[in-house]
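To keep things simple, chains are lettered A, B, C, D, E and F as they appear, and every chain counts its residues starting from 1.
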Amino acid sequence: MSLTVYRKAHFNAAHRLYKEGWTDDKNKQVFGKCSNPNYHGHNYELEVGVTGDVDPETGFLIDLKILKDVIYKEVEIPFDHKNLNLEVPAFKNLNPTVENIAIEIYNRMSKSLDSRFAITVKLYETPRNFVVYTG
Amino acid sequence: MSLTVYRKAHFNAAHRLYKEGWTDDKNKQVFGKCSNPNYHGHNYELEVGVTGDVDPETGFLIDLKILKDVIYKEVEIPFDHKNLNLEVPAFKNLNPTVENIAIEIYNRMSKSLDSRFAITVKLYETPRNFVVYTG
Amino acid sequence: MSLTVYRKAHFNAAHRLYKEGWTDDKNKQVFGKCSNPNYHGHNYELEVGVTGDVDPETGFLIDLKILKDVIYKEVEIPFDHKNLNLEVPAFKNLNPTVENIAIEIYNRMSKSLDSRFAITVKLYETPRNFVVYTG
Amino acid sequence: MSLTVYRKAHFNAAHRLYKEGWTDDKNKQVFGKCSNPNYHGHNYELEVGVTGDVDPETGFLIDLKILKDVIYKEVEIPFDHKNLNLEVPAFKNLNPTVENIAIEIYNRMSKSLDSRFAITVKLYETPRNFVVYTG
Amino acid sequence: MSLTVYRKAHFNAAHRLYKEGWTDDKNKQVFGKCSNPNYHGHNYELEVGVTGDVDPETGFLIDLKILKDVIYKEVEIPFDHKNLNLEVPAFKNLNPTVENIAIEIYNRMSKSLDSRFAITVKLYETPRNFVVYTG
Amino acid sequence: MSLTVYRKAHFNAAHRLYKEGWTDDKNKQVFGKCSNPNYHGHNYELEVGVTGDVDPETGFLIDLKILKDVIYKEVEIPFDHKNLNLEVPAFKNLNPTVENIAIEIYNRMSKSLDSRFAITVKLYETPRNFVVYTG
């Protein structure tokens, strides 16, 4: 038996794909226009899923207000209207691909939510490209 | 090997979150504005998934017309344009959270569809909050 | 020359369609299942458009944060998680059809926004039914 | 640990549901208006998911440009603006139901992508009917 | 003062773009892959808008059930799961471009709805291409 | 009589809202987090509408392939994966608000399309904020 509750959120950010230690030419060759040194950006659309048991007392798996607040504190505050490469410490030495951003969000959510929950992160970089990470 | 066929449907309903036996204050404290005694409501958007084997004769896992009819009979007729607390017997003594509504829909679909199928219920309470239940 | 800035918002509410002075049978005959005395409800999705001139100093027609705040104060606070018939004074003696709700939102927005702006209200009652009102 | 990268694509095609060897009456009885001998058609919306490990060097699970190109070569070129029954060899003797089209797309993607990846195919025949196939 | 009520509907159909009297080469040159003699197809998504005055008695501009029924009779029955070139008389000698289909739908709706209403037809041929016709 | 053909496109870009000549404090006060000197970004979703007459020969108002190509040349090439402030000449001295970006796109489209067409630009900066400009 498996029930998962999902909450959507979003943040807008600038980033570039870039591997430190590689030449600009190598970065350009591997990451194409995504490695533009002046940055580009996205409206990231996020779905966080929380899997667990329904509390028979309340009928809630998790209070959605709590989930909304954790997403706000762990994702929206640190990521929204930010330059991911320059302003989010996790991406100082880690390429902010949509894969790595989803893993970072998963790690932040895991730290803040009760360990009895399994967590799913779905992250849209564009309406056409997205990832799902389940830890 | 796994193939799942999905069909979307929708219903509009009123509800309130409310735990019988609790004081109004306790209900308000736990369920916030969702416990408004005058009710509020939603456009519930539903996706029912049916997992099984494809019939090599027809190329169908299930005739979508049959799936559509079962959803109509088991969900749309009893839930659409209804007050879930007052008019759906399952919620006389069960809080109509989106979790519990999804479980009730799962149980109704299971009863009406052949037991060789696994069933998935995805239920949107709003475009931002939804659950997935797989039994 | 015409430039319009739009902002989306949403609220969830219960309502019934009901004409005071008509018998229950007459209400049922005209409004069908929408006249259910126990209410049903919707996720109303709203787009407010503001037409005017772009300020050459800022490049803004209107600061979207102001528009967001006015929608919050004039629509979300009074309508969200409410029973429109019982808790919104405008609908004490006015049938809360999607047409009348859009007109009421238009009137509230007009009162709060500078009169140099033309206003458009697009209101979805369901993803399949919606209205546009331009005053 | 599981990370899946998804890419969306689309193609427009004509088809009819039809079982060779059955009479026209039998086809009509089983497939209804979908068996119209003059064909009807759909905008198929496709999501291909690729599950695997993130390359710590690049932060990519798979270069999305490669995934886009494989979908273009294996699905869009052979299926887009085609009559599936007459112009796609796989459906010469196989009913082009949404189930069978998803399986054919899965087989084509598997052949062209590295065998270390698990593949998921989600195919919408209409915004209301879709399938997921995972091999 | 202007209020418009919209209702969405949809139909799936096959078509080809083709100008009678032109050679196959000329058709191919002008209409490209859309002129495939074996047809291709679309999920047409339709929004019909009706502009007029709100009846102060009911709060309705038009009963949406009536609008739904007229769309069903005038558009869904004759167009859904059909080959537009072969089975819709209007396109016997008229190229079924999305422009011409929208005009035909407008003409059919005008004939069936009260002449006091202004009508708008928005027709999506794909999620990326659409037209609006207002007579 | 009015028929408009629409085509969707999209581009991803970084920007900041910033008025040259103002202090950083004044910029921050007026533009808030949108004035982050390290930039943020968006997936801009664009709809270009072209109003005119349908050619009775072809049934086309405009060949959508031509419209797609003009959007590609005038918008996607110069804007996609770019820093609007630094890399698009129009925004060297003009604040790249969504209003000003829409006007710039309108001007570029007007220059490249036949003057017999009226043009509409709808530009989403986020799924919740957008503008419409009609010249």
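One rule holds in what follows: a residue touches a chain if its C-beta (ideal position, glycine included) is under 8 Å from a C-beta of that chain, and two chains touch if they have at least 3 such contacts.
Remember, predicted model here, so these are calculated numbers, not experimental data.
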Touch-network distance, subunit D to subunit E, counted in steps
1
Would the interface of subunit B with subunit C count as same or different, where same needs over half of all numbers used to appear in both copies?
same
Have a look at B-C, E-F or A-B and name the one that copies the D-E interface, over half of its contact pairs being the same.
B-C
Taking each chain's centre as the mean of its CA atoms, how far is subunit A from subunit E in angstrom?
41
Could you please state the distance in Å, as a whole number, between where the Cα atoms of subunit D are centred and where those of subunit F are centred?
34
What is the distance, in whole Å, between the centres of subunit A and subunit F, each centre taken as the mean of its C-alpha atoms?
28
Residues of subunit B touching 2+ other chains?
127
Indicate which of the five shapes (line, ring, star, complete, other) describes how the chains touch one another.
other
Among the chains present, which pairs are found to touch?
A-B, A-D, A-F, B-C, B-D, C-E, C-F, D-E, E-F
Residue numbers on subunit E that touch subunit F, as the complex places them:
17, 19, 30-32, 94-100, 102-103, 127-135
Under the touch definition given earlier, write down the residues of subunit B that touch subunit D in their complex.
1-8, 49, 54, 57-61, 64-65
Listed in rising order, the residues of subunit C that touch subunit B in the complex are 10, 12-15, 33-34, 36, 38-43, 45, 80-83, 86-87, 126-127
